[in-house]
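Heads up, the next two complexes both have chain A, just with different partners, chain B and then chain C.
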Partner chain A sequence: MELLQISKKELLEFVGTLVSGPLDVFGVVAHDGRFAYDKLDSAANLRLDFDETLYSPKQYLFPPKDPVLSYTPGDAASCAPVYAEKDQAIIGVHPGDMAAIAMLDKAFTENKIDAHYCTRREKTTLVGIYPTKPGKYRFTSSMIKPEEPYLAADAFLIDMGDDSYTIEIVTDRGKEFFSASAAKPATADGKAKAEKMKTAVKDTVTLKIKREDLPPFLDGKERHPVWETRGAKCFSCGSCVTVCPTCYCFDMLDELDLSFDYGLRFRTWDACVLEPFAVCAGGHNFRTKAADRIRHRLYRKQKYLLEKLGLAGCVGCGRCKTACVPDIAFPPDIDDDLLRKEAHHV
Partner chain B sequence: MKPKVAFFDFACCEGCQLQVANLEEDILGLVNLVDVVEFREVLTGSAPEYDVSFIEGSITRPEDEARLRDIRSRSKVLVSYGACAATGGVNKIKNLWGNIDKVKKEVYDKDAAMPHLETYPTKAVHEVVKVDYFVHGCPITRSEFLKVVKALVFGTTPDIPQYPVCVECKMLGNECMYDKGGVCLGPVTRAGCNAICPSNNVSCEGCRGAVPNPNNNAMHEVLAKYKLSVDDIKRQFTMYALDPEVGK
Partner chain C sequence: MCEGCGCHEHESIYMPEPLTVVQTHPMTERDRFFEFKLNGKDLGHKPGQFAEISIPGIGEAPISVSSSPTKKGSFEMVIRKVGKVTAAFHDLKPGDTLGVRGPFGTHFPMDEFKGKDLLFFGAGIGLVPLRSAINYALDNRSDYGKIFLLCGFTDISQRLFIDEMESWKKNPSLEFLETIDRGSPQWKGNTGVITTLIPKIKDRLSPRNTKAFIVGPPVMYKFVILELRNMGFRDADVIVSLERRMKCGVGKCGHCQIDGVYVCQEGPVFTLDGIAHLVEAL
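Here is the complex of A and B:
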């Protein structure tokens, strides 16, 4: 991997030129005492020293409400797909969120290529950043392997703790992206230090079970009392899913113009923890209980996706811990319950 | 032929019909789709039968019930629109008092016994007659009203959200009101307003009524996590007479 170095001032100047160019540039900005991704209108707002953002960057690859088809009612020939048109860059993606995008890439391309996702994805440059501050509930190292973020990233920034960043160039797109910046090849000293700085900020939370042991650990725990206990406290509000960087379930929605002359079909976020999620033909709901829904969510996070895609459905960002109003959604807490209660119930 | 549509009001502030009258450029699109035959706020006249009747307001007197039954008998489809009609809305606060005479005394004082002020505990429209569709909210959301009209004219079932306000709130990227020290009813309230209150830094008061199976019991956890009192939660539930179940 090619390593470059750039001063913080030079990086901001470079982002400044990007922002005034044709690209949509997204990055982290301060937001009411917290941090959030937003479209950058000035490089000065960009914050790379964030702990954790309110929402994940998945919103730019898988928007909450995305038009996918336009049509005139009653005229099948009028149906035309709608694809993303603008090139975009996301600057400042933590390794966990980057691994989540690697997982989304797999999910949206396995078996059948999802053209809407892939079109937008191909127009996107992803620049990661290793955390410079601990996240309140981060446990990413328990959930991802260090190489997984590189399946999605075009480049990674490493804050060197002085006035500079090291840039790891991962793809040709990343190389091209930074070619217009003032970055220079990193020195041998710089390279050695960069490797250390990557792990300088430690996780706040550690999962008690190793990632590879999670699927067998969860085997046979489908009827464990923890689901009923936590389900009794669940609002089925969807927040644990909407804030999650890996969740990709969607629903389809038609909107017809008042003239009835044209309509748009949208893909909108859905969530397996919502009560109507599993309603199918005839109005049947095959997952009517909150307990079953939260169990399904955790199994997706820690078992099913690992087995299916080889990447975890949870990257340990900790957002669901903050977002769940009754605080029942955090995977490490649920695992603790499963471990603790195991003794009594097996 | 365009469907004949009529608008009626009972106990309410008429704010919801104002939302319809204020549809601005969409009003033209609307009258292209339907034939409005009765609408006190914007025209005079009446018709013997209606394809769709929109009912606004709560039922609070025996004579309301008779009038509503008559409208129902002359309507093919009946839509209950606005919180007053769809859930009882703010008018149901009086039901929380338990004793209707106490309510009358508080509101009308020495005139409480006058015959034209006769009132009984508030009923939502569907508690009196069969309702085919609902448009929720206090006031209604104009885009949702249009969605229902379009579906009825096009012959599909209007797709009214069965999930909580939090979904829309999160899709808009808001910071949670609980994290800002608020008490928000978003987790138990039916979505469809595009989370307009939390998006404007105001906690949801539940004007759209509860989701089909609200878990009010989970409010106990919320009390602990955000260090709130039972009164904080109860106060928030009072505006639209919802039941917090937290004091039990």
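Here is the complex of A and C:
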């Protein structure tokens, strides 16, 4: 992998030129003391020293309400696919969120290819950043393998702690992207230090079970009392799913323009923890209880997606712990309960 | 992953093809029969598959194909009115167009069942997808042994395919029995749940050489399965079709999952031994 180095000032100057160009540039900014992704209108707002953002960057690859078809109402022959048109870059994606994007890539391309996702994805440059601060509830290294973020990233930044960054160039797109910047080849010393800096900030939480042991650990625990205990406190609000970088369940929604001569079919975010999620055409709800829905969510996070895609459905960002008001959604807490109650049973 | 892979050049998996209504008539207060045709070709489905039917501006819904693929030139569906989208389907008239994606999902593997006796349980709207397999077997009658068809409906107003049931009843190449859960003065036939029909054919069943098909409302499966197991049927010889919310049909949206299984991909048709271990299946 090619390594470059760039001073903070030079990086900001570079981002400044991008922001005033044709590209949509997204990055983390501070809002009332909390961090969030937003469209950058000036490089000065870009924060690369964030602990964790409220929402993940998945919204730029899998928008909450994404048009997939346009049509004249009632005329099936008029249906035409709608694809993203703008090029975009996301600057400042933590390794966990980057691994989540790798998982989304896999989900939307395995078996049947979703050309809507892929078109937008092909127009996106992804620049990662290794965390410079611990996340309040981060346990990413329990959930992803160090190489997985590189399945999605075009480049990664490493804060060297001396007002400079090392840039790992991962893809040709990443190389092309930084070619217009003042970045220079990294020195041998710089390379050695960069490797150390990548792991300088440690996780706050450690999962007690290894990732590969999670599927067998969960086998047979579908009727464990923990689901009822936690389910009894669940509002079925969907926040844990909305903030999660890997959740990608969706619904379809038709909407007409006010003129009534033009309409769009959207792919809209949905959440398996919402009450009507499993209601089918006959009217039967196959997951009536919150307990069943939160179990399904956790099993998707720690078992089903891992088995289906080979990548974890939870990347340990800790956002759901912050987002869930009754605090019942955090996978490490649920696993602890399962472990503890298991010990009781013995 | 996305450097020059060309995956964006694929066709949209959400893009419907135009479909025309050939004829339609009501079957019950909430169920309506439709014959559809595609422009100059067949849907290309196998018995038991479903398709996503849509009206641009209203929405899309997964609907089982009810006709056998042996019927060429058009295909049939029965649509139950349960919401805004299905209500709009009920307003369609012959000549109207709508959209279709599919066919999707697994099918009743009728070719693998050659030489076997067939025992069909079709309850309520479950008869709709099952009919594609029944008529396939009847159109290839010499491929199969004895055929038993047991149908059940909650009451007389819910009976589907009344004329066709009459022809099945008269057809000497199968044994047809029907029951309704709640009897009424006009009803002269059997009353009781579908399992009450089993004793009437039991002595002619050979569980080790029969494939049993079950399609019906969620509550029904366990009772029928229990009876079949008691008679010595193996789970590998019991075939079920399970209804779930097949929103996308292409393994993406997550709505159709039973545990980790995507019903739109690995179902809706399953053998019982393939799903018996799933917590959410039955």
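Note that the second predicted complex is superposed on the first by the 342 of 346 C-alpha atoms of A that agree within 3 Å, B and C clash if a C-alpha of one lies under 4 Å from a C-alpha of the other, contacts with A are read in each partner's own complex, and residues count from 1 in each chain.
We adopt the following convention: a contact is a pair of C-beta atoms (placed from the backbone, for glycine too) under 8 Å apart; a residue touches a chain by one contact, two chains touch by 3 or more.
Because the structure is a prediction, the values reported are computed rather than measured.
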{"item": "Of chain C and chain B, partner touching more chain A residues", "value": "C"}
{"item": "Which superposed partner A:L256 touches (first chain B, second chain C, both, neither)", "value": "both"}
{"item": "Touched partner set for A:R287, first chain B, second chain C, both or neither", "value": "second"}
{"item": "Partner chain in contact with A:A188 - chain B first, chain C second, else both or neither", "value": "neither"}
{"item": "Which of chain B and chain C A:K112 touches, first, second, both or neither", "value": "second"}
{"item": "Which superposed partner A:A36 touches (first chain B, second chain C, both, neither)", "value": "first"}
{"item": "First (chain B), second (chain C), both or neither touched by A:E307", "value": "second"}
{"item": "Common ground on chain A, meaning residues reached by chain C in one complex and by chain B in the other", "value": "73, 253, 256"}
{"item": "Interfacial residue positions of chain C with respect to chain A in the complex", "value": "1-3, 5, 7-19, 54-63, 80, 82-83, 86, 97-99, 125, 217-218, 243-248, 250-255, 257-260, 265, 279-280"}
{"item": "Residue numbers on chain A that touch chain C, as the complex places them", "value": "68-69, 71-79, 81, 83, 102, 105-109, 111-116, 118-119, 121-122, 124, 151-152, 171-173, 222-223, 248-254, 256, 263, 265, 267, 270, 272, 277-284, 286-287, 292, 296, 299-300, 303-304, 307-308"}
{"item": "List of chain A residues in touch with chain B within their complex", "value": "31-32, 34, 36, 54-55, 59, 64-65, 73, 232-239, 242-243, 253, 256, 258-260, 268-269, 271, 274-276, 290, 322-323, 325-328"}
{"item": "Contact set on chain B toward chain A in their complex", "value": "26, 29-30, 32-33, 146, 150, 154, 159, 162-164, 166-167, 170-173, 175-176, 178-180, 186-188, 211-215, 217-218, 220-222, 225"}
